[in-house]
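Each of the two complexes below includes chain A, the first together with chain B, the second together with chain C.
Moving on, here comes the complex of A and B:
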């Protein structure tokens, strides 16, 4: 059942690079990462690939396969035609270290801007009590494996390096939403999201949700609800008035 | 290709991979934006023509959704019971009301995706570079006005009530007797139904129902409402398209009846 596939793999480092052609054997049931490992073993020992679990859970092997941001370990070879040339490049929003390995530290730096979970002062670890329906919205976002495909595909930083200081990307904004919705978190994350993390730059084009390998509904369940919460606080004069005259519940 | 990794001290400053093409996607990524442009432009052309036509929008008991509520005294006799706008309004009465549904759709979270991708190409598709050199998104004027979506949502609900009323009074015949149903009744009913589904699946509706709450457990009724809207919400894009095309078709049907091109067939 094996066949020879044509691959174009981006080879290079921070300076220059180019797409290099390889013809490599493919066996039934393999994924793109398997084939790249064969290239590495047989034809290009110095090919740099970051990978770990090969099960779609570590988020290490993010790349772009035929221009689509994907996890290489979750991209099955039988989704391509045998005669098709498959192009693999590093993710394009972040600096290249070498070949398919990029420096994603932008995401960690932005993540540090989000204050960690802050429970009420009188609660000690072990005393946290919450109902499932209160916490389940946040739990969806905990499925994130931090592959950063969402931030990579977001045009706000992918096409505009100049926005990197002011826009944190969907993954970090989702973290802010997760904490803002958490029943025991006491900090207000709305202003942080809007002013410091750049939520206003998001124009809801949903590419983050489209590429998420965990199928988290980032836009519908995190970014849009967060935009609505920001609108409550900042762009809705009636709600502002309600909060001033205490018509609105503190729970909101 | 350099071998700079051999000498870490001389490592160049990391930069993004220099790939000279806009995208390496091999699928027809341009198809959806192209279809979106075609459908939206067709709707804009049709609705603009109809809004300015100022004719053939009422045929007892049917009124076009583009002209309901008809608020000017210049409205066709029988099309409205309440006409607060005097004879000074010489333009089409449709122009008095269309700003509200237009604003609802313009600020809609789904249509934002649709027009940012297709008209503004920002980006045209995932993994395809946008053509603009600068981007500030919805962080400043005018796009920051999209945050007013909730107000248009509430205005849209008022229109849904009125259009539902129009569908109900269409259970009459041309002489005003109740207990009849025609194809026009069905058209207006379907139109109102899809507009309700579009409104109720809206993200602002979901937020107002309960999305803004921190503790669902303290608000069981609102939690149920939020759960219901959350089930509709994934279908919001579908309802957006169906209701958009539906409202144009409903108007077209009323126009054809009012102009005498076709006869409104009565089931009973």
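Moving on, here comes the complex of A and C:
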């Protein structure tokens, strides 16, 4: 069952790096992360990999395997030909710390810009009542394991660091949508999503949804509905008139 | 000495899982400055892997449930070795902790009338686990993470800085807890940590340190635990004067994946059984009916017909024995496999495909479906899973005051969550871990804040600091030592083989001898490369802690000459009421670890009255029963 596989692993740090070749044993049923751990244990003790659960639940081991953004723990070796050389590189949209580990703090900084859940003031803990069908929409987005593969893949920032100040990425935009769809949240984050988080930059190519290991329909279920709501609010002529004559505030 | 980053905080929390984050929130709410130090990124801690739910007697699905029933179930599950006061606080406070999560944005699955839904789980009399499909831990950690962000946003508005009072130090590992040099009055002074990305050291001076470091499962080869679970908190508590208790009690979760080998040990949630899944052997027999122990005879169904009726009519039927506490189920699986009635890859079958329609399975157990499909090519809606025991949880931990979570023997040190000891006795019920994190995380945060008010801010001496730094850098200077990876793999093999699910004196003695050999190998570890994000070095710093904790497990396992909960001795197969009267406590004496017996506190008569005497007589000595009877009369 076992065989030797050829790997090319990106080694280096913030300054520079290169692809280094390793030949390493592979056993039946293994995933890419298993094989990289073998490289680490036997050939390169200092190979930097970020990982935790090895069960697809924590979203730590994001990397690009043969150019595809993947969780290494959920990429099975039997999806490759035995003679194929497998190239593993760090996710591209974020600065490299070392080897396969990148600095993803961008995502945490942007997450802080989304105002938190705001329940009705008089609602006490224990008194919340919500229907299953109403919580399910936001529950889909709360499956997110924060692997940041979506933001890594999004063409708005993937090769465009200059867009990072004005675009929060699909993960954080989905968070705004999640709160917007929470049955008991009282805050309106549409304007924030559009103007501060850069929702308008998204041109719904759905690349983010394609790479999501949780199969969340980020574009269809979070970003497009959010865009529609923004459009309703922004381009509804009555609302526009209302906002001009201050009958109704712009962000209501 | 190299220039190092220095901080002063009121409270330092080590660990950013459920307990650590809940503690940090509470200490911040009490007006303290708080640092949370995490080996991983924010929101990735081990809590994320919890699947089934949070046990809390809200009574949303069955209104007969209340804290007294939950308390009773917890004590039974732990075979009455539990610290009763902790079990009481836990059962009483869990519902408020769950409702609080909801007010912070958690979205639990709902009942028809819009309340939080609750599911059945092993050892729980009524449906009690608040859940979100089978990803409850993720929901919990994300909610706590987002609550921390909410507090930071409040601080930002008030002060201009998100990190005015509450700061997360992600990928910042602690190597050492410092104590002040005040003799008898010695107390916590701070901690030394290093940034994993840069390898640079950071000193935190603080009056209080809360351990929330989780468990020790990485001492075992087959485990559901991630690399982080190296027993850091357990080991550092010992090193700074604290005690450990109940370290012989390890929970081997009955259902881990067994195939393929690379995923062996990964958890298969108990919800599979709670929602109707059954365990069968190679002969197709539902073997759990053969393993109902005497103490649980009156609480579990004896026929398949009755067990099956229970799912729809729990008031008039007894529950299926697949839902016995985890220790019972794990031992039964182990026995079946040893008797040659196992599945092809050395487990047993867990089948939900013949019990529930495919769409229900996918809705209730989405991550299990996903996990088996992606990792094992098994479609659980069509075929059974193969499962076997996996090292999952340590009941033992730092000995603490039941109300305040203050560590006994180390002033200023607190412990909450898995690293704390006592609540679960000899065996933890599923679902009681997430509630434990919330209830006692909050308490640790609250009482650590109170403690800070009673003392002056401490300082760490340069000599202590230098010594700790030298220790941490030693693996770089060893010329011809061994790589830490090989040592860790050998340690895991050894513990699995010699101090595993079934134990015997000769093997534990052998393990203790091997531990001495490991000490020699570890003293001479060598790492390659530099200090920036170097996992080899990180492992070299974790390993000695793992070894110390392994030694504690082996020593306790050798000393307790009975079988109870998560400690099974082949040479002492029975449960002995005489042994129930004691906890085994471990304490560091210089380079050695001492072990001694300590009497369990006696349950109050009010709590004892929650059990009928017939039940208590299965656990307690005549003497204890008569003193209880006097107390209640």
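Some notes on this structure:
The rule is short, and it goes like this: the second predicted complex is superposed on the first by the 236 of 252 C-alpha atoms of A that agree within 3 Å, B and C clash if a C-alpha of one lies under 4 Å from a C-alpha of the other, contacts with A are read in each partner's own complex, and residues count from 1 in each chain.
Here is the rule we go by: contacts are C-beta pairs under 8 Å (C-beta built on N, C-alpha and C of every residue); 3 or more make two chains touch, one makes a residue touch a chain.
Every value quoted in this text rests on a predicted model; they were computed, and no experiment measured them.
Of the two partner chains placed by the overlay, only chain C lies in contact with A:146; chain B stays clear of it.
Residue contacts after overlaying the shared chain place A:68 against chain B, while chain C stays out of touching range. In the superposed model, A:103 makes contact with both chain B and chain C. Judged by the touch definition given at the top, the superposed model places A:131 against both chain B and chain C.
Using the contact criterion defined above for the overlaid structures, shared-chain residue A:13 touches chain B and also reaches chain C. With both structures placed on the common chain, the touch criterion links A:57 to chain C but leaves chain B unconnected. Contact with neither chain B nor chain C is seen for A:189 once the two complexes are overlaid on the shared chain. By the document's definition of touching, of the two partners only chain B reaches A:236; chain C does not.
Look at A:90: by the touch rule set out above, it reaches chain B but stays clear of chain C.
Shared contact residues of chain A, touching chain B in one structure and chain C in the other: 13, 97-98, 103, 131. Those residues of chain B that touch chain A in the shared complex are 1-2, 4-5, 11-19, 23-27, 109, 112-113, 116-117, 122-123, 126-130, 132, 134-140, 143-144, 147-150, 203-204, 206-207, 211-219, 223, 233-234. On the chain A side of its complex with chain C, the touching residues are 13, 27-31, 34, 40-42, 44-60, 74, 76, 97-99, 101, 103-104, 108, 111-112, 115-117, 119, 123-126, 128-132, 135, 138-139, 142-146, 179, 182, 185. Considering their complex, residues 40-44, 46, 48-49, 95-96, 99-100, 102-105, 107-110, 113-115, 117, 132-133, 135, 137-139, 142, 146-147, 149-150, 152-153, 156, 162, 197, 226-228, 259-263, 266-267, 367, 370-371, 374-376, 483-486, 489, 527-530, 532-537 of chain C touch chain A.
By the touch criterion stated above, chain A contacts chain B in their complex at residues 10-19, 64, 66-69, 84, 87, 89-90, 92-98, 102-103, 131, 133-134, 153, 155-156, 158-163, 181, 183, 198, 200-207, 210-211, 217, 220, 224-225, 227-232, 234-236, 251-252.
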